[in-house]
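One chain, chain A, appears in both complexes that follow, with chain B as partner in the first and chain C in the second.
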Partner chain A sequence: MTRAGLTIVAVALAAAVAAPFFLKPFGIFLISTWTVLTIAAIGLNLTLGYAGQISLAQGAFVGIGAYTVALLTPAGVPFFAAFIAAGFLCFAIGWALGYPALRVQHHYLAFVTLAFTTLVFLVLRNEQWLTNGIYGITGTPRPTLFGWTSSGARDFYFLCLGVLVVLSLATWWMLHSPWGRAFVALRENPVRAQSLGLDTRRYTLMAFAIGSSLGGLSGALYAPLVQFIEPNSFALGLSFNLLLMVIVGGSGNFFGPYVGALISVLLPEWLRVAQGYYLIVYSVAVMVMMAFCPAGVLGLVERASRLVDGRRKAISGTALHTGGTSK
Partner chain B sequence: MTAVLEVSNLRKTFGGIVAVDGVSFEVRSGEILGIIGPNGSGKSTLFNCVLGQLRPSAGDVRVDGRLTTGMRPCDLNRLGVSRTFQLLQVFPQLSVRDNLVLAGQEHQGSMASRLFGLSDAGLGDAAEQMIEFFRLSNLADEPAGSLSYGQQKLLDAAMAFMAGPRLVLLDEPAGGVNLTMLGHLRERLQAYHAERKATFVVIEHQMEFVMALCSRVLVLAEGRLIAEGTPHDIRRNPTVIEAYLGH
Partner chain C sequence: MASFIQLLVSGLTTGAIYALIAVGFTLLWQTSQTINFAQGEFVMLPAFFVLLAMNAGAPFLLAALIGIVLSILILGILFKFIIVDPMLKYGVLPLVISTIALSVFLKESVKDFYSSQAQPFPALVPAIDIRIFDAVVSTQSLAVLAVAIITVVALNFLLNKTRLGRQMQATAQNANLARILGVPVRRMVLYTFLLNATLVAVASILISPIYLAKFTNGETLGIAAFIAAIIGGFNQVRGAVLGGVILGVLDNLSAAYISSQYRGAFPLIILIIVILLRPQGLLGRVEERAV
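What follows is the complex of A and B.
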């Protein structure tokens, strides 16, 4: 990462740490939601943006993670054990869901994952003995760590932010290892990748499993954040919303999910001044954005920075040329 | 000389169409074998059957004596068999260096060790050498998609050599390349062959390229092997002339 990039990340992190001291409880709830949904969007960005496997199932994995924690913690399982269990469970289910991706691609794969989301929704709604059906589960406790309790809104936000930072670093590491290069190869040209010795089968399954696992970990924080979960929260709408975050932020760009989730969580709130029309304004804003910058917000920023660089080089080239001829 | 690749009675049908019809040949260690034939003669299908992209309807393929018929391309590559494709196949968004590291990284350690190991899988120096060898030094950090067609062909060939393969199958390496770049590509391939004693099989339409590069040539027509010999003999073979000119 360049020095300018590091500076931007440091400033953004400092702003994220300072933000709850200047916000009211609802504001803190919103930025906590941002941290939680960013984790799920990072997972989807890995599966879709890097490895090129479209998935409309990320919302379902958030649901599986949320219900895992909501069911295990009242049974006496410590939060962090339930949190890790949610990650492992989603890893295993994600791995299994990856198998159709070995046979079908693009919109066919989208339909397979869409069917999976519907299946999870139906299980959450109909298996009342386990999930309490449409009545949902309330009061998932917020965790305590070495005597420090995160029951306050600000404390829980810092816990979510800490988890986001740790998972971001782990994802950064992975994407800058040979695995990251392999995922990109899988997206760009799987046939050539295979001819170079890449076990595309294993990398596809791994991309699905790790992406799903991040969805599960996001859900594991979502349950204690909202303290009331019910099946509708994890229906197709959430999966589409997460897809929107990845694409609006910049699919295949490491920082895309952070920006996309910020826009998706905050923009509807800012547009509330438009009252009943806010969803219309939001939808139009997203359509305009996609029409003019299909590579997402960060794609637009990259394009602008290349343009500025090009002009700067052109100007310095002209200056050099002028200087040369004047001598 | 021992055979690196042995193909016996290979046959591939698509419905009622016989694309490859009982082809047998062997490739000896250290040679550059050319395979030529008119359009639709089954050359690329033969390649794809040998390399696991297609499953042959009948026949065997052996690499260093080991039966590899129907083996996955990634497993074959790890056995030391590498290839290029007829249509250009580089990874456009990765840099030239990353394309080369990618081409070698799966031969380094296990999947887990690649996750926790170095970002370049310890292939930084090897990639630099390959970049220098194929004279792409000033383009090392450029995205492969921004290179000219000829430069991408060079990169494509360099990627095939990155893991130090025993056998490289080049599918129309000269296709769409201008004359200057073609000479450069041929010279680099000859230099690589002389330096590393690598074994090549080259499918090509550009006859001058094949005749200058290969020590032995096989001719396919309508899925069958119709001639075999030195470039000099092949040029004068009446069966080959008839297959090409159609009289």
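What follows is the complex of A and C.
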């Protein structure tokens, strides 16, 4: 990462740590939601941005993670054990779903995952003995760590932020390890990656399963955050929303999900003036953006900085050139 | 037996409507690689055009005609030039996202600017129950079935027996080759958009008396159309018709005989099985992928 990039990340992190001291409880709830959704979006970015597969199942994995924690913690399982269990469960389900589904790709995968999301929703709604159906589950306890309890809104935000930072570092490390470079190769040119001897199908499957487990971990934080989960929260709408976050932020860009989730969480608040028309404004914005810059907000930023860079290079280039001729 | 016949007829009725929607969906895919995630909303919307025309005082048949014309203008021409054309150069994914956004836009617009309540919608024919053997069948279902069958037959005639239809098929199968052979490819692509807009408008007028006109109607209809298209075969008009009918009948029978709670699940399970065992669909051909 460049020095400028590092500075921006450090400033953003400092802002994220300082923010809850300046915000009202609702503001803290919003930024907590941002951390939780970002985790799910990072997972989807692996599937969509790197492996190039449209998945509409991420919302379902968030739901599976949320229900795992909401069901296990009242049974006496410590939060962190349930949290990790949610991750593993979603990894396993993601693998089991992806193994057959990735035989077919692209728009077919979109439909298989769409079907999966609807099936998960039906199971959550209909299996009342397990999930309490449409009445949902309330009061998932917030965890206590070494005597420090995160039951307060600000404390729980710091827990979420901590998890987000740890998972971000893990993802960053994974994408920069020799093994994870394959994901980047997959993003750049799948055909070339295959011709270089990469087992693209296995890597696509890994990206999908790891992405799913991040969805589960996000859900594991979602349940104690909102304290009330019900099947409708994890219906197709959430999956669409997460997909839009990744695209709006910039898919295949490491920081895309952070920006996309932030926009998705804050935009309804900024567009309060638009009231009920908020979704209309948002959807038009997405359509306009797709028409002019399908690489997302960060794509726009990149384009702008390249423009500035290009101009600078052009100037220094002419300087070199004149230097050459004077010799 | 009587209830079986009743279920079969109502299944065929909804199946025929699904078929119309799915045919339009596959036509768009074939000629312009457009996966229209807003197809369900495209079916929801024309009913409101008709209602608007009726509110302005038009009799039903005139209003229906106005609805179809508005649908062709907005969901056909405007959709192609404003949404699809600027995005085709980026490939399939951005267009998918854009049509998802479009579906939200249409749904919310109807909710905010017309009504969030289900609106009664006039039926084609007065509802009279007739008895066939022991089963009670409504004239409404029969009328829907008749209109849907006539539309599909007319469409088949257009596509297979006329010069225009053959040119459209040539465009769908291989646009470059068609262009070399002198087919006006761009115009043919536009025609498929117009055809799709007509089909969704007809489907809308057929289904709205049954489901009432509501802004959320598109959600289930759109998914049903995708599933029908995939079951039958994404690149075949016949396939989409078959898929729609299979879906409508199975949906009704499974809800009655297996589990109504999991009604929504059976089509999805069939979808997953078809995709895994025969991804090209029951009647589809395997698509060659260009590198």
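Operating definition for what follows: the second predicted complex is superposed on the first by the 305 of 327 C-alpha atoms of A that agree within 3 Å, B and C clash if a C-alpha of one lies under 4 Å from a C-alpha of the other, contacts with A are read in each partner's own complex, and residues count from 1 in each chain.
To be clear about the criterion, a contact is a pair of C-beta atoms (placed from the backbone, for glycine too) under 8 Å apart; a residue touches a chain by one contact, two chains touch by 3 or more.
Only a predicted model underlies this, so the values are computations on that prediction, with no experimental measurement involved.
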Check: Is A:Pro78 contacted by the first partner chain B, the second partner chain C, both or neither?
Finding: neither
Checklist line | Partner chain in contact with A:Val191 - chain B first, chain C second, else both or neither | finding: both
Next item on the list: Go through the superposed model and pick first if A:Arg202 touches only chain B, second if only chain C, both, or neither.
Entry: first
Margin query: Between chain C and chain B, which one touches more residues of chain A when both complexes sit on the common chain A?
Written below: C
Next item on the list: Using the touch definition from the top, say if A:Met287 reaches chain B (first), chain C (second), both or neither.
Entry: second
Notebook entry, point to check: Just chain B (first), just chain C (second), both, or neither: which does A:His176 touch?
Noted result: first
Note to self: I'd like to know which partner A:Leu279 touches here: chain B for first, chain C for second, both or neither.
What the structure shows: second
Notebook entry, point to check: Of the partners chain B and chain C, which touch A:Gly5 in the superposed model: first, second, both, neither?
Noted result: neither
Check: Now for A:Phe111: first (chain B), second (chain C), both, or neither, which partner does it touch?
Finding: second
Next item on the list: Give one of first, second, both or neither to describe whether A:Pro25 is in contact with chain B, with chain C, with both, or with none.
Entry: neither
Note to self: Based on the A-chain superposition described above, do chain B and chain C contact any of the same residues on chain A, and if so which?
What the structure shows: 191
Check: Which residues of chain A touch chain C in their complex?
Finding: 54, 100-101, 103-104, 106-108, 110-112, 114-116, 118-119, 122, 126, 191, 236, 240, 243-244, 247, 276-277, 279-280, 282-284, 286-287, 290-291, 294
Next item on the list: Would you mind writing out the residues of chain A in touch with chain B in their complex?
Entry: 174, 176-179, 181-182, 184-185, 188-189, 191-200, 202
Next item on the list: Spell out the part of chain B that touches chain A in their complex, as residue ranges.
Entry: 51, 53, 72-74, 77-78, 82-83, 85, 89-94, 98, 101-103, 105-108, 111, 114-117, 119-121, 159, 162-163
Notebook entry, point to check: Considering the complex alone, what residue numbers of chain C touch chain A?
Noted result: 35, 83, 86-87, 90, 92-98, 100-102, 104-105, 108-109, 111-112, 219, 223, 226-227, 230, 261-262, 264-265, 268-269, 271-272, 275-276, 279, 291
